[in-house]
Structure formats: structure tokens, C-alpha cells
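The letters A, B and C name the chains in turn, as written, and every chain counts its residues from 1.
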Amino acid sequence: MTVILGQTFTGISIGAVLLLIALGLSLTFGQMNVINMAHGEFIMAGAYTTYVLQKSISGAGLSLLVALPVAFLVAGALGALLEWVLIRRLYLRPLDTLLVTWGVSLMLQQLARDLFGAPNVQTRAPDWLTGNITVLGGSDPLTFANSRLFILGLAVTAVVALSLTLRLTSLGRRIRGVVQNRDLAEVSGISTSRVDRTAFFLGSGLAGVAGVALTLVGPIGPTMGTNIIIDAFLVIVVGGIGQLKGTVIVAFALGVMQSVLEYSTTVSVAKVLVLVAIVAFLQWRPQGLYTLRTRSLV
Amino acid sequence: MTLFKGAPAAPAGKSPSVLAGRPARAWAGFAAAAVALFALAPLALSDFRLGLLAKYLCTAMVAVGICLAWGRGGLLTLGQGVFFGLGGYAMAMHLKIADAGPGNLPDFMQLYGTASELPWWWRPFGNPLVALAATVLLPMAVAAVLGSFIFRRRVKGAYFAILSQALAAAFAIWLIGQQATTGGTNGLTDIQGFFGYDLDDPVNQRMVYFVIAAVLLLLIALVRQLIHSRYGELLVAVRDSEERVRFLGYDPANVKLVAYVVAAGTAGLAGALFVPAVGIISPAMIGIVPSIEFVIGAAVGGRASLAGAVLGAIGVAWAKTALSEEFPAAWTYFQGLLFIVALAFLPGGLVSLAGIVRRRRAAATALPSGGAA
Amino acid sequence: MSQLSGLEIRGLRVSFDGFTAVDGVDLDVAPGDLRFLIGPNGAGKTTLVDAVTGLVKAQGSVLFGGAELLGRSVHRIARSGIGRTFQTATVFEGLTVLQNLDIAAGAGRGMLTMLRRRKGVPEPVARALETVGLTDLAHSPAGTLAHGQKQWLEIGMLLVQDVRLLLLDEPVAGMSHDERQATGELLEHISEERTVVVIEHDMDFMRSFARSVSVLHAGRVLSEGTVAEVQADPRVQEVYLGHAAAGDAALGSAGPTLPDEPEPSGGTASGRTGAAVQEV
């Protein structure tokens, strides 16, 4: 019983990391249909921001809290820059965007290698995140790591903040307007190019926040974004585009599935099984869990 | 009877057909390639360089398939490494069994000592004919099963690209996980013989090179026929407007499936021949990064043109060796830049440059004033 | 050539997420008819065609030549002899006119034919090129054709596909007066051997060429009959009047005109696109 609960919690915390990463993608890929392979390197930028800040701010806790907004700004600025320089020229060619941003991702990785060295680096977690919370006592105790709980809280906060932004603010309304009908939004006086850039800033900023979170559970390295980004893209594919609901559900579902399968088989077999499950799922719902149905041909 | 006597004249329609191949030029190109591969390269290059060229030619084989699937069919497959790997491992497994000799286990299995006898799924590869057939048929079968699932449910575009990439990641991770039976991260290394020929002997290495060159030319001829057949025209139609093709009574899923399966077959063959040329196959050659590198060569040269894709693949592979040996960091920047420039600013690849220049020149001569260029 | 078949629709219903776009339509199109479907925007005309061709899921029954179409996949419906065009001309822009037609002609081709190169011009393709007047442009990329020519190419593709029922969605939108006239004559010619259903907003075009008319409104068939019968139907006048009045109020112009003239009004309509609301 404890084992099942423990694995489920591990799965939820994997899901929380996935969710943090996928949230940004739900804006850039889900809403704008841009596949930004450099999203993983924005995560890396967030992580290195944490690392640099910890060198200059002595308290680990303070530096972590400062890192959250700073990483958001750093990654967001990178994203907006990328949108301005390259992506806005490619909105009608999503597959080319994918490969172009892959090129950007290669260059950013090399930049990180040149700046911080090829070996991984580590940050120190603040004391209040190093311990565990004992949920069930007794001979077979069930404990949750504080850092994992922190990430979970961060993910939930990010989801709420993003969803409120999209729903309540005029920026959110403009983003949704552009997503639903670009031409109409344009003639209604919305500067679609500015909305695009802002959405990209937000989405990339969220990647930066995810990068801060990742420093709590693993090392920081130039290629840290490459593998995890694919899982996050799968979350969007399975969750369906245009709605946060699907992203949230699928992130946690894939996290728990990965964790449970890892426990009953091995890490590598679990990876393959999760992919098989995804392909099977797409047989049932090729457009993902939730979609906005339209009459358009494509 | 003609109802439209007054139909407006066509705006520019001189070229006989957009796709129609020019047989004479194609034959000339083919002959030139054959001379270069079979006469010039072996004369001009050292054994070492010729070995490298053999490796590049394997990349070019993958690019032949990518040209069909992506350039013609619009299927951006970021998982060709999987099929390359299936072909490569099928070949390497046979060669390892043959190297070990009858009754013995391959060296790495003895080293880990976990298996007392050959795993059941290794055994069929002991037979050379089965192994040879598997290098092509196994990737094609996997692509057929996977593709029929994906295409029938109309998973396409970016979704397909991401799924194919996830497949490459999962396959590499799975191989690494099965250390005792696949060699894990190391892969299958130190392959000595190739159907009875000692691979350390330079003469046999040359033979492998000639086999690779011949297979590449064969694949080019095969895929060229496909591209210029009615099927090839239909494939372009599916790429441009899948829904429209469906309303004409075709099932686009089948059209795409053929291209995907053929591309998988060429990648499998490439992987199989890569093994004797290089002597190793490992997860590092089939994961996300190499899979996407297969695409870049085709993209740089020109994804929709066979010649462009093949030359691009060879060129990029050559540049990688030349640059990354001396300036590894510079190579990575250069590679990233290649992606960006080729795809953002020259989507037709380098071969489209010739077309652009020709059109400019034609435009310049067409204007009597000759001022605009 | 092909045997004439009619279309028999019973109780057709299509809804998207709670919105009912087609709400119990009964419609009979006789073999060899040249039927026009008209109605205000949102009446469900295009959705009706989408349902018949399998693009959207629908309830009810659609019989073509006695065979049920609902529940079949898009390409199977196409193979049973039904072809359609879209509001925006969709031809394969990267291929030549000839290649476009050759592909349209080839859905039943065997594997070996597909894997071989096309040699020459197949006879049905040559005939279709002739019929739609694109013989001289056979080797031009379809992407370079003028708008009207693309529409004709689409119709030509349906001809070589040898469909027995053509469903055309606003085939003359954006065409000049001469092009409209030519298209109308083409449709009359085609309907000698096939059944044709046209969705159209252009009332002059409808009056000139329709053999029969169905008026759709809010997902239902409001009225049916000859052009004259439909024009005399007070319910049709009401629907269009209500619509026209609203439209005119917005435009601040005078009262609406009814579709009361049986003859086409000559050149006045040339160049106008989808101006049904003001016009009817």
C-alpha cells in the first residue's frame, strides 16, 4: 500500500515537472502552433540563472526565490528575441520552424558549454527544501520530499496564474482572439504581432521557471533540456491543443504512468510502454484529449 | 467541343512539366556519379578517407528515403535513426554471432556473463540470409505497423514529427537499458568479419565501399522511379492537400504509408552497411540527435530533389568530420547556423539556388531594357 | 457513359457541440437534375454537403442510387461516384493541370500502373481538358492558373473522376460575368449525363441556370420547386426579407428588392460575389 502511494506521489511529482514545462508549450505550441525545440534550452537558461544567482546571493533560500522571477524574465526575453528574429517569419511553415529552432537549440547548448563548461553543475537546495514530510508513520513510513512538494506547489500556482491571465486579463482575451481567428483579430485592431511576441514571452518565461524547479531535483547541464522536452511535447499532443485542462490531466497521467511502470519493469521498458500507450491513445482520440472542434479542413 | 474559346491565356507555362524528370540529364548525372564513386574516389582517396566516404554514403542512403518521405510526401520523420538502428543491429548481431563462431557467445555477453546461451531473439540472426533480409524487412515492417496506426487516424504534420522523434528517443533508451543483450551504451562493437571476409584487410574494406556505393546508386534509381511515377505525383498531391486527395477517392493514409515504409527500408539498409564500414553500431548513432542530423543534410541540399538531398547529406557529413575534428565548438555553432539558414531562408535547399539564379537570368534577358536583375 | 443516379436524403441531422447546423433535412434530387441550394448564411448548405460527402458525422439517411452513404469514409463515398468542390478552389498547386487531372482520374488504378510513369495523356483526361477549356494550359502548374480557371480545373477533375453526382460549393464566386456564363453552360452540359447540385449565393446565376431550387433556412428545407415557384413562396420572401431588412438597416439603404424577375438581369451582376442578401 505504502509502495503504491509512494510511487503515485513520485509520479505526481514527475507530472508536476512535466506540467511546468508543458505549460509554456501549451502557449507556444498549443495556442500558436509553433514547435519551438529551443524551449528545452530556455529551461536550461532558467536553471543556469539559478546557478549564477546562487553564486552572488549567499542564502540558498533567498537566491531560489529571487531566481524564480529572474529566470522567468531571462527565458522570456530569450523567447521574445527568438520570436522576433526567426519565428515570426515562419508562422506558415510549422515543420520548418521545428528544425530552425532545433538549430537555435544546438547553438544555445554550445553557448552554455562555452560559458559554464561541459560538465554538469549543481545548486545547493535551501534547508527548508532538503527534508522530508512523513505522511504515514509506523514500520513502513511514507515520506514526501519537500523539494518535490515545492515543485508541485509551483506547478499548481503556474497553472492557476496562466489560466487566470488567459481568462481575465485583456492580454489573455487578445491571445485567445488571435488564436481563434487571426484575421478577424487583426481587423479588430489587435496587433497580432505584438500578441504573438507577448505570448511567446510568457511561454518561454514559464520554461525558465521550470528550469529553476529542475535545479532542485537534478544537475544542471547544457543538454538538460533535450530529453525532457520531448516528453513535454507529447503531453501537448495527447492533451490536445488550445485548452489547459488537457495539458494538466495528461501531464499528471503520464507522470504517474511512467513512475508505476518504472516500478514494475525498468526505466527503459517503461519509456517504450508509455510511448506505445500514447500511440494507442491517439487511435482513440487523434486530436488529443480536449480539442476545440472547428469546421476547418485542416 | 470547347466551351471556353475565350479562356484567358496562361500566365507563363513554358516548362513542360513541374515534375517531369529530364531523362537525358538524369542519365548524365547518374553516369557522372558512378564514375566519381567507382573510379575517381578509389583512385584519389586514401584507404582511410575512402572508409570515411563509405560512412557518408550510408548517410546519403538515409537521405534518399527522407527525400521521398519528407521532400515529396511532407512527412517530417525525425525518427529515421530507429530504422537505421534496426538495420544496423540486425546486421551487427549476425556479424557478432559469426565472429564468435559456432557454439560461442558474442564477446560482450561473455563479459557480462549474465546469459549462458544466446537469447531467443538473437538466434534467427545467426542465419546470414535471415539477417540480411531482416536488415530491410524489419525496419519496413515496424514502419508499416506504426505508420498504419498513425496515418489512419490522421495524425500528421507536427504531431507526426514529434511522435517519430519520441520513437527515436524511446528506442535508444530501450537499447541502453538492455545492456546484457544489446551491449547497452557501448552498442555492438569491434566487428571483425563480414560474411567470411576479414574487415581489417584494406582490400575487403574497399570491397565494402564498393558495395555501399552500388547500393546507394541502386536506391537512388529506385526512389527516382517512384518519384516520377504516378505514385510520386499522387504523393505530392497528398502533401499539398490531403483532404482533396481523399475526395478524389484515394486513401491518403496508404499513399503516405508507402513513402514512410520505403524510407524506413533505405534507412535500414544504410544502417546494415554502416556496420561493416565502421565496425560498430550503438545507441548514440540512432537517438534523437543523429535522427535529426539525417534530416539536416537533406534540408541543406534540397529536400525535394534527390540529387540535392544526397549531395547535401554527403556534404554535411563531410563538413562534420572536417570541422568537428579541429574545432568541435565551432562545428556545433556552424551546424546550428546551417539549420537556421537552410530552413528559414532557403527552404528549397542549395539546389534551389540554381533555379533562383536561372530565373533571375531569364527575367533579365526577357526584359528588353535588361535593367532589372 | 455513366448511369444517372439521384440523391435521396431523409431526416438528415448534423450538430456540432450542441449547435444543430442541419436539422432534419429531407431532400430529393432527381437523376440528371441541376439543383441549386440557396439560403442565407448559416442555413446549413455547406454542412449538408459535408454530411453527404462524409466530412462530418450525421444522423438520418442519405441514399445515392439506392445505396446508403452515411457511415462510409470520405474516400469510399468518393469512389461510389460523388465528387465535390470547396468554396475556395483547392487544386494541387505544385502539380500541372495535366497531373491534377491524371490523379483525379486514377483512384481505381492498380499498383503496377501507379508505380509506372505516366505516358501521354489518357483519353478521359484529354476529353476533360477539352470540356473545361484548359487544353492549352495542360502543362502549366495549377498554381499559376487564374481563379476562374482553377474552378474549371476542379470541375474537370470531377469529370475525369467520372462522378455521377457533382456537389459544387459556390463555383462562380469571384468570377467575371463572362466566366459565369461559361460556367453555367458547362454545368448545363454536364447535367445531361450527371446529377449536379450547386450551392450558390449568386441569384442571377441561379435564375439563369437552375432547373430546380431548394431553399434552406436554419438547417431545414424551407421551400422547393422551380425558380418561379420558389420566388413566389411567401416564406422564402419572408426569410430573405427579414434578412435583407436587417442587412439594409445596417447599410442604411432603402427597402429590399424581391426575387421577382424571372430573367437574368444581364450584365448587372458581373463581378459581384455572394451578394445574395441585398440582391434577393
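Assume a contact is a pair of C-beta atoms (placed from the backbone, for glycine too) under 8 Å apart; a residue touches a chain by one contact, two chains touch by 3 or more.
This one's a predicted model, so the numbers in the text were calculated from it and none came from an experiment.
Enquirer: Specify the chain with the shortest distance from its C-alpha centroid to the centroid of every protein C-alpha atom present.
Expert: B
Enquirer: Among the chains here, which has the CA centroid at the largest distance from chain B's centroid?
Expert: Following the centroid criterion, the farthest chain would be C.
Enquirer: So how far apart, in whole Å, are chain A and chain B when each is placed at the average of its C-alpha atoms?
Expert: Roughly 32 Å separates the two chain centres.
Enquirer: Please compute the C-alpha centroid of chain B, do the same for chain C, then give the distance between them in whole Å.
Expert: So the centre of chain B lies 44 Å away from the centre of chain C.
Enquirer: Chain A to chain C: how many Å between their CA centres?
Expert: Whole-Å distance between the two chain centres: 47.
Enquirer: Residue numbers in chain C touching 2 or more other chains?
Expert: Touching at least two other chains: 86.
Enquirer: What parts of chain B, by residue number, touch at least two of the other chains?
Expert: Counting only residues that touch two or more other chains, chain B contributes 243.
Enquirer: If a residue has to touch 2 or more other chains to count, which residues of chain A qualify?
Expert: 297
Enquirer: Looking at the complex, which residues from chain A come into contact with chain B?
Expert: Residue list for chain A touching chain B: 29, 33, 35, 86, 89-90, 93-96, 98-100, 102-107, 109-110, 113-114, 226-227, 230-231, 233-234, 237, 266-269, 271-272, 274-275, 278-279, 282-283, 286, 297-298.
Enquirer: Using the touch rule from the top, collect the residues of chain B that touch chain A in their complex.
Expert: It comes out as residues 74, 76, 146, 149-150, 153-155, 157-159, 161-163, 165-167, 169-171, 173-178, 243, 288-289, 292, 295-296, 299, 329, 332-333, 335-340, 343-344, 347.
Enquirer: Can you list the residues on chain C that touch chain B in the complex?
Expert: That would be residues 53, 73-75, 78-79, 83-84, 86, 90-96, 98-100, 102-104, 106-109, 113-118, 130-137, 139-141, 144-146, 149, 152, 157, 161, 178, 182, 185-186, 189 of chain C.
Enquirer: State the interface residues of chain B toward chain C in the complex, per the touch definition above.
Expert: Residue list for chain B touching chain C: 1-13, 15-19, 225-226, 228-231, 233-234, 236-237, 239-241, 243-252.
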